[in-house]
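Letters A, B, C and D mark the chains in the order given here, with residues in each chain numbered from 1 onward.
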Amino acid sequence: MNNVIHCPSCHRDFDYDVVAAYQMVCPKCNHHHRLSAVKRIESIADEGSFVEFSNEMAFANPIEIEGYDEKLKQNRTKSKMSEAVITGRCTIDGKPACIAVMSFDFMGGSMGSVVGEKITEAMIEGALNGEPVIIFTASGGARMQEGIFSLMQMAKTASAAALLEQTGTALFIVLTHPTTGGVTASFAMLGDVILAEPGALIGFAGPRVIEGTIGRKLPEGFQSSEFQLEKGFVDAIVDREDLPKTLSFLITTHTEGRCNE
Amino acid sequence: MSERTVQKFYETLDKMEEMASKGRSGWECVLLSRQPNRPGASYYIESMCDNFMELHGDRLYGDDRAMITGIGTIEGRAVTFIGNRKGENLKKNIECNYGMSNPEGYRKALRAAKQAEKFHRPIVCFIDTPGAYPGMEGEARGIGEAIARNLKEFSTLKVPILSFIIGEGGSGGALGIGIGDKLYMLENAVYSVITPEGFASILLRDPARAQEAAEAMKMTSRDLKNFNIIHDIIPEAPNGAQSDPMLTCKAIKETIMRDLDILCDKSYENLVRYRLKKIRTIDAHLRQASPQISTKLLEVFTRTKQ
Amino acid sequence: MNNVIHCPSCHRDFDYDVVAAYQMVCPKCNHHHRLSAVKRIESIADEGSFVEFSNEMAFANPIEIEGYDEKLKQNRTKSKMSEAVITGRCTIDGKPACIAVMSFDFMGGSMGSVVGEKITEAMIEGALNGEPVIIFTASGGARMQEGIFSLMQMAKTASAAALLEQTGTALFIVLTHPTTGGVTASFAMLGDVILAEPGALIGFAGPRVIEGTIGRKLPEGFQSSEFQLEKGFVDAIVDREDLPKTLSFLITTHTEGRCNE
Amino acid sequence: MSERTVQKFYETLDKMEEMASKGRSGWECVLLSRQPNRPGASYYIESMCDNFMELHGDRLYGDDRAMITGIGTIEGRAVTFIGNRKGENLKKNIECNYGMSNPEGYRKALRAAKQAEKFHRPIVCFIDTPGAYPGMEGEARGIGEAIARNLKEFSTLKVPILSFIIGEGGSGGALGIGIGDKLYMLENAVYSVITPEGFASILLRDPARAQEAAEAMKMTSRDLKNFNIIHDIIPEAPNGAQSDPMLTCKAIKETIMRDLDILCDKSYENLVRYRLKKIRTIDAHLRQASPQISTKLLEVFTRTKQ
């Protein structure tokens, strides 16, 4: 039954393997389905080059919310990930980079202490080694179960971006569907270059919150990648299959041949 | 102040601190912090300054009334003030959008902060907002980008930044002017990642359970002091700051003068290094996991082109 | 005959001396009439403190426009000024400052080489001596008779503002009626603090040019000081009589008690 | 290129330079520079780059199609490009507002320039605009501020900036991306403080006298070379760049490669000092009046906190 995948954009049904062969992009209408973090890394990193950063961060329930530990355990089992982000070092087209890939599959990609910490570490590693940092975002926002600590991750990741700025290290962001809330209002909007996959939802307040405020439905395409491009917050919309060569180009032009140093 | 007044002032403070140690429940604080007669940023600024001049505009798009920025002198010392503004009456509430800023508010705040940095003026922020305004226009003009940029820029600003949560500290909208060297909360203020109503409707799946949420979220000044998120609690009069605004104002002013005496003499390298380290290690519960955090951070810091 | 002055705002007629006693502000409706550069300096500088900067700059007709020399001579006679700006050093409330005061009376305050040069010199003096620079603007824009050289004054004055920025010297602008064109698109918008007198016209393109583009009349108050305040380009609107104490406050707070140096 | 091609290329250049020394009248240049089939910034960028990636948006308000910004490599060398864009056909003309930018265009250009500075990439600008768009919205969003800020920021940017006026160089809208280390003009391009039509209607009090104004204003590449405003003239094919775009493109590319070889090796202090000095002393006719200009400027420059 899992062998069929429905495209919400062109409303066709496809054999899962066919779509998977296109990196989860609809072969008919170019709709970008979500890609797992593991597959994402495979699609970007030179084969065999990815080395994950130490992954031993403690489970924590900092404000002691009932049921949160259980929820974390369930998500670990379900997603086969330890948290909502994978970080590590790899090469892309032969050039080293630190990467962080968020996953919506783990508690909606929400950012708590561990997610914020791992992303920050990846940035600090990049700054230390002069390697560009590439972050693929996918998040519903702050991990509310961690209360004020989830808010603090915005400060932590943004201040890491300040260190990248001040050490002249490049930060490239790839916004994927969906990227909202505290992730949008921190590192996701701080890339030197911000790319987006087509059709992704990108915003701070979620559509339903805005609809609640204004008392009516949002127009079609509001907060889409294409909308954000028009509004000046996205540098370019890049098809998934073009991401490796685009990132390779960006790494080269942001690291080589520096003048007037 | 006469010696007698000073003595009386400290006696009252002592009494208030005693009260504070018991304190109100989360929900009581939420209600108190939202009371329309609670003194706001404008009140504190006007009351503690010898002179204050409001400076308007982000030099990009507009002047957001929900954010006040300007320069004031406290006992002759120049300070840049940044604060959420809710307005003092219904007409002004509406004008100020109940303290909910659009991107231009955050960009105005950043302009004020950068100007303070250029002229080596310390910064004092007053936080009092339910959150950034979640409307269509603000989204289209990049409210996420505006807050993000402030977090980044404030974290390495080369002058002291003191922040006071005086009422509601709501989410990213509060954090957007909340990065600094010292963060204080008034006794009955609250600070949280989302409103209790929002928490209740999302996690408890029932907006009516806001009161319960307010406790679960641990959003009072005492909670945040315990978490080491804030540096200290500023006492209010027993019936809240609204019942004796001047008392709280004095306490804030004393705190400012005391901190500035210390922070203004530091080299900016030390100031920023310490600020970054504090932000980097704020999750106390994670510290054991990565003992080398600060070392690496400081190593990177030495490589920045200050 | 010259003894009566008509207020375009409240439409009353006043004895000239009465209005002059209020520094050319209408005593009934607060309309700010134009103030001559000499009177402006008197109104701002501590008595006897103003020393004009050397005033020996050559007449020039750089692109050899017919009739321009004659026009300059006429304007000198009429306005009793050598050019559309007076620059010098003074004290305000005891504190030293470099000031430049433009005059609309000299060829509509247009900016040619001499005006640009004198303003630039005043800024460089300020940067050299660590003294705040205060510029009162009043200009119809570039001095078209000087062709490309008038355009270059925008670059020259703006790059002087960059030097003020980099030496940490304060630049305060006071926009007076009218300030448009190349002055608006250069140093006038580069103040650390930008003040405006009430009811001044402030814009880049003139109202008639915009009306020509959009094919209809502009709304009442478009490009006024009050409009620019609302749009975020003016820090504060200050009545003429309050300018000395406001500038004094700004000088103090921008020069004294600097922390973390 | 083969040796034969290279030889032929230089022969053509020689011939063109000879032509240029006579040259067209101001009005002829105005007409030629406005021809819709004249190659624009996009053409030159795409043609000279091995690879080019357009980067959009000002991160504040919008993406102005009338301004193109991005990164390209020329023979492997990374360059940030900034250019006015008029569009290649009627549909695109409208999309690009005929090359007339709003504030977001200038703010996008500044973002691209700051990014180039951060990553030590040289900048190449292509100027081709009748001017900034004089509409209500652009005024309300601060077109004056946007241009002013660019003038200020570009004047002290720490990387080489080469500018080419390829068509119309109109007023502040052109200058807004026209501050740099080297300024070139295509043979038939024009550069002026106002359009000849504007000059005619204001100074000659008759818009119909635009042709006469075009001569009086001295707006051709030869005039501006004589005034020492531009560094050099880039030759076009006898019938204009539109008749042989590739030829002009090659000449531009050669100029870029030659200049970058020299400018990229300079220290940024020298680069910026020289740029500021050039701007400061651009009114040759005033130089005698203030012989100490450069001395003072350089003294200030040594005090900047680079």
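We take it that contacts are C-beta pairs under 8 Å (C-beta built on N, C-alpha and C of every residue); 3 or more make two chains touch, one makes a residue touch a chain.
Values in this document were obtained by computation on a predicted structure and should not be read as measured data.
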* Asked: Based on the averaged CA atom positions, which chain is farthest from chain C?
  -> A
* Asked: chain B to chain C: how many Å between their CA centres?
  -> 38
* To do: Compute the distance, rounded to whole Å, between the mean C-alpha positions of chain A and chain C.
  => 50
* To do: Give, as an integer number of Å, the spacing between the C-alpha centres of chain D and chain C.
  => 29
* At least two other chains touched by the same residue of chain D: list those residues. => 59-61, 141-142, 145
* **Touching two or more other chains - residue numbers and ranges from chain C** => 165, 168, 189, 231-233
* Asked: Which two-chain combinations touch?
  -> A-B, A-D, B-C, B-D, C-D
* Asked: Where on chain B is chain A touching in the complex?
  -> 132-136, 139-145, 147-149, 151-153, 155-156, 171-172, 175-176, 178-179, 191-194, 199, 202-203, 216-219, 223-224, 227, 229, 276, 279-280, 282-283, 285-286, 288-290, 296-297, 299-301, 303-306
* Structure fact -> Touching chain D in the complex, chain A uses residues 165, 168, 170, 189, 192-193, 229-236, 246, 249-250, 252-261
* Using the touch definition up top, name the residues of chain A that touch chain B in the complex. => 56-58, 60, 62-63, 65-66, 113-114, 116-117, 120-121, 124, 127-128, 142, 144-152, 154-156, 158-163, 165-168, 181-182, 184-190, 203-205, 209-210, 212-214, 218, 222-223, 227, 231-233
* **chain C partner contacts - residues on chain B that touch it in the complex** => 51, 53-63, 71, 73, 76-78, 104, 108, 115, 118-122, 158-160, 260, 263-268, 271
* Would you tell me which residues of chain D are touching chain B in their complex? => 59-61, 107, 141-142, 145
